[in-house]
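Same chain, two partners: chain A is paired with chain B first, then with chain C.
Our next item is the complex of A and B:
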């Protein structure tokens, strides 16, 4: 099913979709673009290359309450909370959708499935948006991502100067386009394809990297690499494939809630045990953990590097200790033959 | 929701509480309808006290005990501290079981050497109880247990009396220093293991205790010519989810909560030494 809508008509489509349930879109928020629930007057920016923070929080929210508790005397009552509204994630770029598929391996494919994540994944229709341009930090092509196309999309969208073309790829996607019929014109005779986009070439050599890293846990490279790290954790915050979380209670003895929230392996408390022992006490161990998890540990389990080349850590790290620097320091750079 | 939320605890009630040592209590816990879940020795459970939070503890009762789950808990952190303040009849949250448990099938037909230190006896006790209840499946059983002082030993009547009466079983107790009325060995656990000069033979050695004790016990067993496959231990890491997702207990390609906490020394040697 193929449909088209003129750009100036998009706010009507947003209003229609948002009436069914939360509609997440790349929204200009001061100097940055963030995936946020659409509301009347929101400044949607479909032309942005990438949102500052990945849209992973649509599926793994920064904070998610999953139960309420109530006590009376010695009695304890626990009531689960679950999200019920259908969600639309609109304008997700191919790199970010690929990242969600990498999260699926952890949260859906590995037993036991994560019911909170699965619930949000099931209830969300993803409208992926083909990239029209890349910035100097985009390097998704290194990870097999096609910036023009996202194979896992429910609806694949292509932006032109005047309109937005929409192609349903799944039943969910078809349902979304059908129930938005009043706003969309038929485009079944048109042929849709994304623009060819050239991404940055950092001369990365990723093949065999995970295997080579098995011998490099105690490599002296780690004694240098971590030094500039400030431990701020922004890399894990903006990263679409970082998924570490914490579980905490909020409330008092009589009642309250339990929630999970994003956490970061870059923080000292992350692994600190009761009694004070900490297996990753310093930034060196924590930097090593983050990069080895992406480049060696995750690939050992899932046969794929846990990076999609979205470029967010390159844009955000205040000291340029990004994944490209790490890959290069660890020997993952093409050496030109003389 | 299409599947059960693995983070959602179920309701449990504390049956009774035993003070084992000045800082260790044993809680006996039942679910709404008897046992909260089935488990195997070496597995763990998450206990919740609201609004303090949740922490993971090894189950110290044997799965052959069908009345309740037992947890021997040392007061070292916020959740363990909160659990120490509770009284019988109090309801708490529980979820589990988590972890791989001890490789019982590989231990069948073998002589067993259990080496525990302090609160480290807690997970071993589940396995020891299981072996006593399936006595014909295992060979000779040696138990070496040490604590800082006689007062710091847990399950005192079992380690001093009951276990010694089990068939084909030897119990060796040691404390770190001389104490009045103490007639057992004096010295650290690893040294005592060396002195007792256990032979590898057809043995499997299982050790749990403080990291420093485990480190030297492993060295002692190596000197006694135990192979890495014959030595089994447990790892302790901070955990939040218990199901291999939250990332805290990640060690190379394994998640200790799910793929551990029980590892052979051979398996441990293949992992980054970051525990």
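Our next item is the complex of A and C:
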């Protein structure tokens, strides 16, 4: 099923979709673009290359309340909270959707699957957006991502200067386009294809890297690589494939809510144990953990590197300690023979 | 990068090489190029080959002073390249008794102000291939041709209102000083916010802080945030929760700002490090302005001998020590 809508008509489509449930779009929030639920007056920016923070927030919210509690005397009352409305994730670029598929393996390919994640994943229809251009930080092609096409999309969208072309790829996607029929024109005779986009080329040699790293836990390279790390959590929070979380309460003894929220392996408290022992006491151990998780541990289980080349760590790390630097330092760089 | 800096890089390298090879310092903290021409990242140089990577250009924004806290655990004497703000950051750490003066050799680099890549690309309007610099002008080179822009207009926010581009403390000045600067607009944004009602200000900050990811990059990059244990991580009592609620956002940012009252050197590393561009300098500058108005002009980090107003008591302080 193929449909088309003029750009100036998009706000009507947004209003229609948002009336059914949360509609996440790349929205200009002050100086940055973030995936946020659309509301009247929101400044949607479909032309943005990459949002400052990845849209993983839609499936693994930075904060998700799953239970309310109330106490009265010795009575404890707990009420589960479940997101029930259908969600539309609109404008997710191919790298970010690929990252969500990597998260699926973590949260869904286990018994039992993670209920909170599964609920959101099931209720969400993903409209992926083909990239028209890359910014200098994009290097998704190194990870087999096609910036023009996202195979896992429910609807694949292509932006032109004047319109947005929509192609349903799944039943969910078809349903979305059908129920938005009033706003869309038929485009079944047109052929849709994405633009060819060239991304940064860092000469990365990823073949065999995970295997090679198995023997490198005590490699002296770690003694140098971590040095510039400030120990903040920017990389983990902007990263589309970082998924660690924590569970906390907000409220007080009589009443409150229990939520899960993002956590970061770059923080000292992440591995601190009740007795005070910390198996990752310093930045060195934490930096090693994060990079090995992406480049060795995840591939060992799922046969794929847990990086999609979105370039957010290259853009946002305050000291430019990013995954490309790590891969290169670990020997994953094609060295030209003299 | 700008060709004229190569001469400066040679000069810097020669000076520090002697000290590193001669054993006056065991490590030099400087900058090297990252993947891109617009990124210069920290360099930890231990030998001559490391020094080959040394860079000094218009993108050396990272304040290196903070690395002393860790590197002095490992190295006897550390050499540090300091711009104006880095030097004031060093004084800050010195005043907090976080670094011993005699184990650090400071090499002064008067700073022309660092450039903002986002601003450069916005000005170029298309993919920027490179830039050159000449006489206060920047030539922006794209596939379609060249345009020029005023260098001052292309600076990082943190550099725009810099008063002291020359290092105020150093053992050796390596380049010619620039002289102090004027910053008539330093408190402009603060004054605009002061003119709002309390309710309007609340709405403004609630919105700006709503983007906060609690990644703590602002804190980690900050030279006044040198506490060995931050209130954020204290477990008992637990001051800072993790919920992304306005109350928790305000808790973190206001407590952090207050901890910097009279101690913030206005280097702007917090704002530069923020991945979601929260205007943190406005908070810090409000406190700088208040301190100046309450206790007389004071610039943190300018003179290590001069204690911050809130760390001293004078009988003529404007507020009584205790209310009677």
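We take it that the second predicted complex is superposed on the first by the 338 of 338 C-alpha atoms of A that agree within 3 Å, B and C clash if a C-alpha of one lies under 4 Å from a C-alpha of the other, contacts with A are read in each partner's own complex, and residues count from 1 in each chain.
Everything that follows uses one rule, which is that a residue touches a chain if its C-beta (ideal position, glycine included) is under 8 Å from a C-beta of that chain, and two chains touch if they have at least 3 such contacts.
All values reported here derive from a predicted model rather than from experimental measurement.
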Partners on chain A (chain B, chain C) - clash or fit: fit
Chain B versus chain C as contact partner of A:321, first or second or both or neither: second
Which of chain B and chain C A:234 touches, first, second, both or neither: second
Following superposition on chain A: angle at chain A, chain B versus chain C, Cα, nearest 10°: 90
Touched chain A residues, chain B compared with chain C: B
Touching partner for A:32 - first (chain B), second (chain C), both, neither: second
Touched partner set for A:80, first chain B, second chain C, both or neither: first
Which of chain B and chain C A:189 touches, first, second, both or neither: neither
Touched partner set for A:280, first chain B, second chain C, both or neither: first
Contacts of A:248 with chain B and chain C, given as first, second, both or neither: both
Lowest C-alpha to C-alpha distance for chain C against chain B (Å): 8
Chain A positions touched by chain B in one structure and by chain C in the second: 246, 248, 250
Partner chain C, residues of chain A touching it in the complex: 29-32, 34, 52-53, 62-63, 136, 202, 224, 227-228, 230-234, 236-238, 246, 248, 250, 259, 261-262, 264, 267-269, 283, 314, 316, 318-322, 324-325
In the complex with chain A, residue positions of chain B that touch it: 1-11, 48, 50-55, 76-80, 89-93, 211, 236-238, 240-241, 243-248, 250, 252-253, 272, 274-275
Residue numbers on chain C that touch chain A, as the complex places them: 34-36, 39-42, 44, 62, 66-67, 70, 127, 207-208, 211, 213-217, 219-221, 233, 241-245, 248, 269, 272-273, 275-277
Interface residues, chain A side, partner chain B - complex: 66-67, 69, 71, 74-78, 80, 82, 106-107, 110, 112-116, 118-119, 122, 217, 243-253, 256, 258, 260, 263, 265, 270-275, 277, 279-280, 285, 289, 292-293, 296-297, 300-301
